[in-house]
Structure formats: structure tokens, C-alpha cells
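Data first, discussion second: the structure below is written as C-alpha cells.
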Amino acid sequence: MEQKEIWLHSLQTVTPQEGYELAIKLSRMGVKSIQPDMEVLKKLRPEYANNTTGLTMASHVIAVNFQTVSAANNYWK
Amino acid sequence: MEQKEIWLHSLQTVTPQEGYELAIKLSRMGVKSIQPDMEVLKKLRPEYANNTTGLTMASHVIAVNFQTVSAANNYWK
Amino acid sequence: MEQKEIWLHSLQTVTPQEGYELAIKLSRMGVKSIQPDMEVLKKLRPEYANNTTGLTMASHVIAVNFQTVSAANNYWK
Amino acid sequence: MEQKEIWLHSLQTVTPQEGYELAIKLSRMGVKSIQPDMEVLKKLRPEYANNTTGLTMASHVIAVNFQTVSAANNYWK
Amino acid sequence: MEQKEIWLHSLQTVTPQEGYELAIKLSRMGVKSIQPDMEVLKKLRPEYANNTTGLTMASHVIAVNFQTVSAANNYWK
Amino acid sequence: MEQKEIWLHSLQTVTPQEGYELAIKLSRMGVKSIQPDMEVLKKLRPEYANNTTGLTMASHVIAVNFQTVSAANNYWK
């Protein structure tokens, strides 16, 4: 992260679905924080997008982040 | 997600069982967000539906999402 | 789930142990939601019931669901 | 579970350490709910007690159950 | 655990870092509850301390325990 | 940890993104608490930074720590 870009302004979203999309983004940023090289990430993509273990693991991370975002929005009640 | 479809309107459900079904849906949407190609997903299905590790991992993701949905509904008290 | 059966009426239970049993049921229903064929599930059973990784993973899912059920019952205080 | 034995009376404990022991018990009961045959469990024991992945996974399940027990005791404040 | 030693007096700590250290201790005690033989544990150590999967799994368990300790300290606010 | 360095002063951060960065730091400190030798860690890095399972597992740990940090900051509401 040389030039710091602001990618996370707020955990609040207008709708639950936008909250889910933010959870996906948070999950991706976790991966990018360790492997920032987008070329490497693109090469790795088929490895887990065509593999049920990889897909389930990714869905798990999104679920954990969605817990955080949902709590931050008081579950959009 | 070319044409944005609204698939998540609310985390509130009338009954706990509908909440559980929403948790299943959230888990599936996590997978679809990474692998949107339904043909690929159908091909992968037998791989984890006939494998205890895959089934237990999937049940785990549903459990995490069910935590979120249950809290959003104040546990249907 | 052709004919919808109501298997989850409430997260409230009288005792903590009944809550634990509900957590087991929730974990099983997660598996059944993906693999509804009981014959397949019976065939897979020995695979994880005789394998420590499978048993620990299953205990993990129960633990997550037990968190939900415990919170729903205000920890039976 | 033929003759029902009451093994979980309460999530409340006097001390945090007793709470931790209860978390261990909850983790074991998850395993026993799937594999109730103690002979099988004894045979499987060396498999994970001498293997770092198995030990870490087991510690993880205890940690999840300890979250539940700690919340149930208001963190023994 | 023949002679019971009190190793967990309280979940409250003065600083967040001490809380993190307590989370590490809780994670280790989970492992020790299953494999109390320190000689075995020492022999197993290189296996996971030199292996990224083992290290990440261990960091995960610490993170779960740190959630508990942080909540117990009202996040040291 | 011979000479104790204070690396965790507070769970409170000004912005959500700083909170995410703290979650990354907490995840790394978990790894360092087990393997403090930075030379070993550098050698291991390519192993998981070029491997989808390792990257997803790491993102998972960050997600768990981000839950803690987010709660500590009342979700920066």
C-alpha cells in the first residue's frame, strides 16, 4: 500500500444487499493486503473459483464480514 | 453482476425456519459472487454434496449466516 | 424440499441441554439442505464419524449453532 | 442417546476456569453426538492428539464454546 | 489435570496487549487440554511453526479468544 | 518476547480503514507469537501469498479480528 487509497469510508450502507457487497469487498481486501499483485491474483482465480473447497471457504469469509456489516447497520431494521 | 438484481430485500423473516432458508441463500450468494457461472456451479455440485468435508464446511457457513439472521430478528422472541 | 415440513418452530428451549440438541439439529439441517438424499448421507456417515478431522469439524458447526441458540435463550439465566 | 442423561445443567459457572472446562466438555459432547462409541473415540484419540492440525482445530472449537460460556457468565465481571 | 492448578483467574486485563497475551494463553490451554504431555507438544512445535497453514490456523484461534477477552474488558474503552 | 515492546496501545481507531489495518496487524501478531523469527516468516511468505487456500485463510483471520475492532469502535457510527 504505497500511496494510501481510501477504500473503506464507512460500514453503513443503505440496503442489506449493499451491505453484502461491502462484505465481499472486505473479504477481497483481506486477500489483497497479503498479495497486492493483481497479476498474481488473476492467475490464482481459476484455482479457487472452480473448486468447491475454495468457494465454500470464500463464502465463509464473506459471512463473517457480513456479520460485522450487519451489526454496524443494526440489521437494517 | 451485470444487471443488478435485488436478491436481498431484508434480513427480517416471519419465522425461524424462513430465517434458516435465508441463511442458506446468503451462503449460496457468497459462492455465486465468486463463481457466477451456473454451469460451472452445477458441475461442481456433486463434488461437495457427496463428500463429508464439503457438506460440513457448507453447514458451517450456513451456521454463521444463521447467526446474523437470528440476531436481525431478535431470535424471533 | 418439495413438501415443506416445519422442522424449526422456535429457537427457545426449556433447558440448555435441549438447546444443545437443537444446535445439533440445526447443524444436520445444514447438511441436509445441500444433500437431501438420506441414502447418500447414511453412506457418507462412517467417513466422518471415524475420522478425527470430520468429528472436530462437526463439533465446530454445533458450537456455532449453540452460540445462536444460547443467545436466543438469554443463556438460560 | 438411548437413556437420556442430563450432562448440561447450566452455562453458569463460579470461576472463569470452570467456564473453560465447561467449554471443553461442550466440545467433546459435539464429537460424542456424532460418534457415541467410546471405543472408537479412544482409538481415534492418538490420531489428533499427536498432530498439530488436529490440536489446533480442537482448540478452535473450545474457543468458540468458551465465547458462549463467557457471555453466559457476563465474563465473570 | 491431576493436581488442579489455577491458570485462569480472570478475563480482565489492564491493557489490550495483556488481553492479547491472555488470548494466546487460552489458545495454548485448549491444545494442552487434549495433549497435556509437554514433551509431545515440544516435538510437534516445529511442525506448525514452520508451516503457513499451521501458523494461520493458530492465529485464527487467538483471534477468536481475543474476541472473548476484548468483550470481557469492554474493549478497554 | 524478551524485551517487551508495546505494539497494541488501543483498539480504538479514527477511521474504519485504520481499524481494518489494525485487524491485519492483530492477525500478523498472532503468527509472530508462535513463530517470532522474521527470517523464517519471510521464507514462508511465498508459500501462502501464492496459494488461494492460504490467502483465503488469512483473509478469514483478518475478518475475525475486524469484528473485534469494529465492535470496539461502535462500528464508527
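In this document, chain identifiers A, B, C, D, E and F correspond to the written order of the chains, with residue numbering beginning at 1 in each.
Simple rule for what comes next: contacts are C-beta pairs under 8 Å (C-beta built on N, C-alpha and C of every residue); 3 or more make two chains touch, one makes a residue touch a chain.
As the structure is a prediction and not an experimental result, all values here were calculated from the model.
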Intersection of the contact lists for chain A and chain D: none
Farthest chain relative to chain C (centres taken as mean CA coordinates): F
Superposition of chain B upon chain C: rotation angle, C-alpha, nearest 5 degrees: 60
Proportion of interface numbers common to chain D and chain E (over half same, under half different): different
Between chain F and chain A, distance of the C-alpha-averaged centres to the nearest whole Å: 16
Geometric centre distance via CA averages, chain E-chain C, whole Å: 27
Rounded Å distance, chain C centre to chain F centre (Cα mean): 32
Multi-chain contact sites of chain A, meaning residues that touch two or more partners: 48, 53, 57-58, 60, 64, 67, 71
Chain contact graph, described as a line, ring, star, complete graph or other shape: ring
Successive chains around the closed ring, taking chain A as origin and chain B next: A, B, C, D, E, F
Chain C to chain B touching residues, read off their complex: 6-12, 26-31, 33-35, 40, 44, 47-48, 53-54, 57-58, 60-61, 64-65, 67-68, 71-72
In the complex with chain C, residue positions of chain B that touch it: 15-17, 20, 24, 48-53, 55-60, 62-64, 66-67, 70-71, 75-77
